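Both complexes below contain chain A, partnered by chain B and then by chain C.
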Partner chain A sequence: MKKNDTILKNIFNVVFPVACAFVLGGILIAAIGENPFLTYWVMIQKSLFSVDGLLKTLHFASPLILTGLAIAITFKANIFNMGVEGAAVLGGFFACVVGFTVKGLPTVLHIAVCLLTGIVVGMLFSLIPALLKAYFNVNEMVVTLMMNYVVVEIVKFLSQGVFKDPSSGYVSTYPILDSAMFKKIFNSDLTVFFFIALLVFAVMYVVFKKSKLGYEIKAIGKNPEFSEATGMRVKNKIIIIMLISGAIGGLAGSGFLMSEKYRFTMDFSGSPGLGWDGMLIALLGSHNPVGILIAAIFYAALKTGSEYIGVFTNVPKDIVGVIQGLLILLLSVKFLNERFRFSNKIRFLFKKSSKTDFNK
Partner chain B sequence: MKKKSLSLLLALVMLVSMAFTGCTTNNNGANSTNTGTSTDTTKGKDDLGIALITSAAGANDKGYNQSAIEGLKKVKDEFGINYKVVEATDVPGSLTQLASAGYKLIFSLEYNFDALINGVGGSKSIAEQYPDTTFVVFNDNPNVKEDGSVKHKNVVSVLFDVHEASFLAGALSTLVNENASALFNSADYAFTTGAAGRKVGFLGGSKSNGITVFGYGFAEGINYVAKELGVKYTFYSDYNAGFSDSAAGATKANTYYTDGANIVYAVAGAVGDGVDAKAKEVKKLSIEVDANKDSNQPGYVLTSVLKNTEVPVYEISKNYKENTLDQINGKVLSYNLASGATGITDLSVIESKIAASGKAKWDEIKAKLDTIADKIASGEIKVTNAQAGEAFDKAKLENLNMPND
Partner chain C sequence: MSLLSSILYDMVYHSAPLILAVLGGLFAHKANVLNIGLEGMMLMGAFSSTLFVFLTGSLWVGILLSVLVTLILGLIFSFFGITMKSNFIITGFGINIFVLALSSFILKYMQMANINVSSIVDVTGLKINIPVIKEIPLLGSLLSGHTVITYLSFILIAVTSIVMYSTKFGVYVRVVGENEEAAKSVGINSTTVKYAAVLIGAALCAFAGANLAVERMALFTNNMTAGRGFIAIAAIYCGQARPLKSSIYAIIFGLAKSLAINLALFAGPISGLFEMVPYLMIVIVLFIVSAVETRHNTIRGFKLE
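For the complex of A and B:
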């Protein structure tokens, strides 16, 4: 019974902010003189209840599932890895480089090599903060956050320099070869990349719920000193967790490049980037794999829906940006509430002022 | 410790998200006015009209996109053709949706051609999927095969000869710089004089052909006049200014101004606003780009190098109205100085600052510019067009020193 209660509470904790964000967004839409119900209907109907739209939503959900998982695994262990964005960008960039420099490979092999490059680059990228954290106790949040900027400058330098496509009028690398592109299934947007993301999801589900590592992650997240005392080698575990996170982040970036962007440009990751979106998704899914899967699809539906809004209604698509912002704000309130028990304090204040019976 | 880092994390997440939503909401607010005006136009399903996809800068960028939309407004007023403006992040997706919704003429202002022209991920190109729709792309001509023949009959490429316009701006800069003391009241400006002032700055948003085309043309223009006058100039350039950080642009421009440069030319979107403001502060001059922004800081913006998307949008829409799109389909439309789509402004704003004693000299300069424009048109002066892939050789510019090209 008690378990059921907490699940219900958790669901409420997520659904309530989402609903609030939509209501507030709806008020805004009404304020600019458009019909909010119609707008939301277009958004939902086009992004979830039409075959093309649904496949497109799933296509855009693929990298978000991965970045969400990459964030969740570290956050669950109380390691605040902000570097998933950097891993995704770097992974995408080097997958692209391999995608246009290596010639003559059969499609399957070429795709595998590119993805592997992305994964390895992501892992190498995450190794730096992992080692600093494990052996020198350097704050990983600062290091990973700052390394994202380093990555942006590096890929900018490389795509304006050696890998620049001279025929292009803007900053861009060469497009990847046909053999490195994920093929679109039945001329929809969906590619095999989505199924790779699902596979990673399944593996991570097992890791989180059934494996020793999953238990250790939870234990380290709750109390690292105690975990060390019980015989876990926390340093090693931190490195492993960071490497997994980097690998998934790199995979997200390389897959996104090979299934959607096909060439590296400075706006590759979008704004906010894949990694930052992943953070919101991990938060929305309460760091739970199933939650993340649902949240990623929901979030991708918002994204594709926003494009349809721009085409089929007069509401600017930026309204979805507003809803996303509200969502983060409201989710953070819930987060705060859990940690600092604001609502209890407020209730306590009220009780005091209304002089109710304390000895009940 | 745990609580502390958690609250820190939260603050960070909020900050990041707020920063991003901050800019999107801003866009949104500005955009609503725009879509507001086209509200009634998009309702009629029977006649969809013309669609336009803006570039990342958005519909209210005071330049490139906004001028194109002005063109559509003019088309609506004159011919009664409806239009739809879409700000897209997923350009191929929006192209497909607009084409399948039934739009027969679609302008795409963003650099994003792979899916449209070549097809990606094993699918047919969008141009091939919708053969009845005419797609218009700007600033590049991706619609050619390797042997030079046209790939798709329903794609039109629009190019602007901005290198020629930049050449004029360069020539004007040198002429004004050399005669500054005669032209302006000394109280209004604080120009660096003599050899120390023979410097010009250039800020570009990115090191790409779409931007260097402006910088190279500008440099050649300066060199042309400097050679005639027998003086030597220094050309400072920075191609990493980005397109949004106007404060950083102001700082960079200031280093040029304090080093002696009297004129700084910014081809970097909103970065130019910062340069204009700095020019006013240090009482020197700046040069703007895309739309006529001479009134940004009246008297301190020397001129604007125009890339007026309104002209091609209007003309192509006229073809659409008259059902003569097949005349231009598959073609490259190049807009030169004579077309009015590119060039420099009429200089009327800066002219109001010219001292009475300098009027004669000013007229002389304007006449000189006209001659140069004629020489460009006749082919006597050849300006490097980086956008068309022409190589730029700075060694040929004898009177120009480019320390950091």
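For the complex of A and C:
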């Protein structure tokens, strides 16, 4: 009974904020004189109720699954790593550079080299805040946030200068070679990248649920000093957690570039970027791998659907960002706390005559 | 000489919004509420002040309305964070992303790339030139020719110090931050104190945003705060949440920004890289401050904060 209660409570704690965010978003849509029901219907219909749309949703979900996992692994250890966004951008950029400078490799090898570049760059990027956090106790949140801005400036500088494609009208690098592109499967939007994301998901599921590291992450998240006292090397673990997070973030960026964008532009990561979407997804999935998978697909559906809103209504597609902000805001609160018991409430409804306090 | 004076002028110019955000964040930080929402509140101040000036056609009415709107945002943050006991960091990020999306949503809806109110606000007219000091070479560029809110921000450093250390309210804020149970036991309403601390921060952030957008450029562009709220948080960390010390860090970051802008003129092709100097400097300053603090740390293993 107790386990069922926890599951019910967790579901309520996710579904209620989602419903609230959509109602508030609907009020905003109504306020600018559009029909909220039509807008939401267009969003869902285009992204979930057609085969093409569904495949497109899955395609856009792939980087989001990865960034969600990357954020979740650090948040679960109570490390607020905001550098996933930076890792994704940097990973995407350098995968792109390798994608058009290295020539003459067979497809599989070239893709592997590009992905590996993204992973390594992401790891190197998150090594800096990890070392600062572990050995000097520098607040990782501020450092990673600042480094995100540094990354944007570096990438802007490089893509305006050395790697700029002169034939393109705006700031953009050269497109990657054919051999570095993920091929579309059966003319749909889906690529092998989705299956790579699923593979990473499976690995992370095992890490979270079955491995020693997963347990240690949980313990550090609950109480780092106690974990240290019981013999865990918290410093090393923090570095390992950050490296995993950076690697997955870099993979997300490089894969997204090679399966969707093919060339690096300044709006590569979108607005808000992949990393911020990942934060929402990690929260929606309450740092649980399966939850993250569902949340990523749900959010990808919203994003895919939002592309079509403009065709049918006058609502700007930024409405998805507004809903995202509202969702994060509402998800930060546990509406039902740990003492709340569903079964007691239900029993209470049936046995109204008895005035016993079940919460005792 | 003109380079030096323009560096000094820009230093004051870029420090002002940072100082306001630092002072605003201080109260919340002292009350043990980590206000990550500073960035979003500042952006809200910048956006709403420009929007209201655009809609009402009056500068001061616009700024007043924007303070009200930002206070509502502060109320939302306090309600979630303090009454509902949420995770401050995530709530703050929710605020940041929400404001960023809302402003770009409204801009798209109004079909404008940015809000330009230069026809209503005369930017050069807002600068106050102090008669005698203006003529003194370096001091003149340091002290004269700034806007009202800029002067206000520097005056507020002293005001904040006095409020924090010499008034009942300041003592309450610090007591609540250090030991909430003790504060409650002597009859301090800790919730009210925390709400007040966050709301002061929201109001000051609104001014910072107004200073950034309306007063200086008469223009709002998407995401124009560009991380200044986080820089303010870094400054609070480095200055151990003391008003003067944290403000000095804010001024150092202002100096970095001004150096980056002024020296980029001479850098030629790599001038683009100068943009990242202020952000990099924060990482380095944070590192040095923390390294000095942890040098005498003899505790074995990992210790949080």
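Criterion: the second predicted complex is superposed on the first by the 317 of 360 C-alpha atoms of A that agree within 3 Å, B and C clash if a C-alpha of one lies under 4 Å from a C-alpha of the other, contacts with A are read in each partner's own complex, and residues count from 1 in each chain.
Throughout what follows, a contact is a pair of C-beta atoms (placed from the backbone, for glycine too) under 8 Å apart; a residue touches a chain by one contact, two chains touch by 3 or more.
For clarity, every value in this text was computed on a predicted model and none was experimentally measured.
Participant: Between chain B (first) and chain C (second), which, if any, makes contact with A:M141: first, second, both or neither?
Facilitator: Both partners, chain B and chain C.
Participant: Tell me the contact category for A:L132 with respect to chain B and chain C: first, second, both or neither.
Facilitator: Second partner only.
Participant: Between chain B and chain C, whom does A:I11 touch in the aligned arrangement: first, second, both, or neither?
Facilitator: After superposition on chain A, A:I11 lies in contact with neither partner.
Participant: For A:G321, is the partner it touches chain B (first), chain C (second), both, or none of the two (neither)?
Facilitator: both
Participant: Touching A:V234, do we find chain B (first), chain C (second), both, or neither?
Facilitator: After superposition on chain A, A:V234 lies in contact with chain C alone.
Participant: Name the contact category of A:F80: first (chain B only), second (chain C only), both, or neither.
Facilitator: both
Participant: According to the stated criteria, A:G169 is in contact with first (chain B), second (chain C), both, or neither; which is it?
Facilitator: first
Participant: Return first, second, both or neither, reflecting whether A:E225 touches chain B, chain C, both chains, or no partner chain.
Facilitator: Second partner only, chain C.
Participant: For A:Y149 in the superposed arrangement: first (chain B), second (chain C), both or neither?
Facilitator: The answer is second: A:Y149 touches chain C but not chain B.
Participant: In the superposed view, which residues of chain A touch chain B and also chain C?
Facilitator: In the superposed arrangement, which is not itself an observed complex, chain A uses residues 32, 80, 141, 145, 156, 160, 271-272, 276, 279, 283, 314, 316, 318-319, 321-322, 324-325, 328-329, 332, 335 for both chain B and chain C.
Participant: Write out the stretch or stretches of chain C touching chain A in their complex.
Facilitator: 36, 76, 80, 84-87, 89-91, 93-102, 104-105, 108-109, 226-227, 230-231, 233-234, 237, 269-270, 272-273, 275-276, 279-280, 282-283, 286-287, 290-291, 293-294, 301-305
Participant: Contact residues on chain A for chain B in the complex?
Facilitator: Residues of chain A touching chain B: 32-33, 56, 78, 80, 82, 141, 145, 156, 160, 164, 166-172, 175, 178, 181-184, 187, 189, 191, 259, 262-263, 266-267, 270-272, 276, 279-280, 283, 304, 307-308, 310-312, 314-319, 321-322, 324-325, 328-329, 332, 335-336, 339-340.
Participant: Quick check on the complex: what are the chain B residues that touch chain A?
Facilitator: 2-3, 5-10, 12-14, 16-18, 20-21, 23-25, 27-28, 31-32, 35-36, 38-39, 42, 56, 84, 86-90, 93-94, 97-98, 101, 111, 114, 118, 120-124, 139-140, 206-210, 239-240, 387, 389
Participant: Using the touch definition up top, name the residues of chain A that touch chain C in the complex.
Facilitator: Touching chain C from chain A are residues 28, 32, 80, 128, 132, 134-139, 141-143, 145-147, 149-150, 153-154, 156-157, 160-161, 224-225, 228-229, 233-235, 238, 271-272, 276, 279, 283, 314, 316, 318-322, 324-335.
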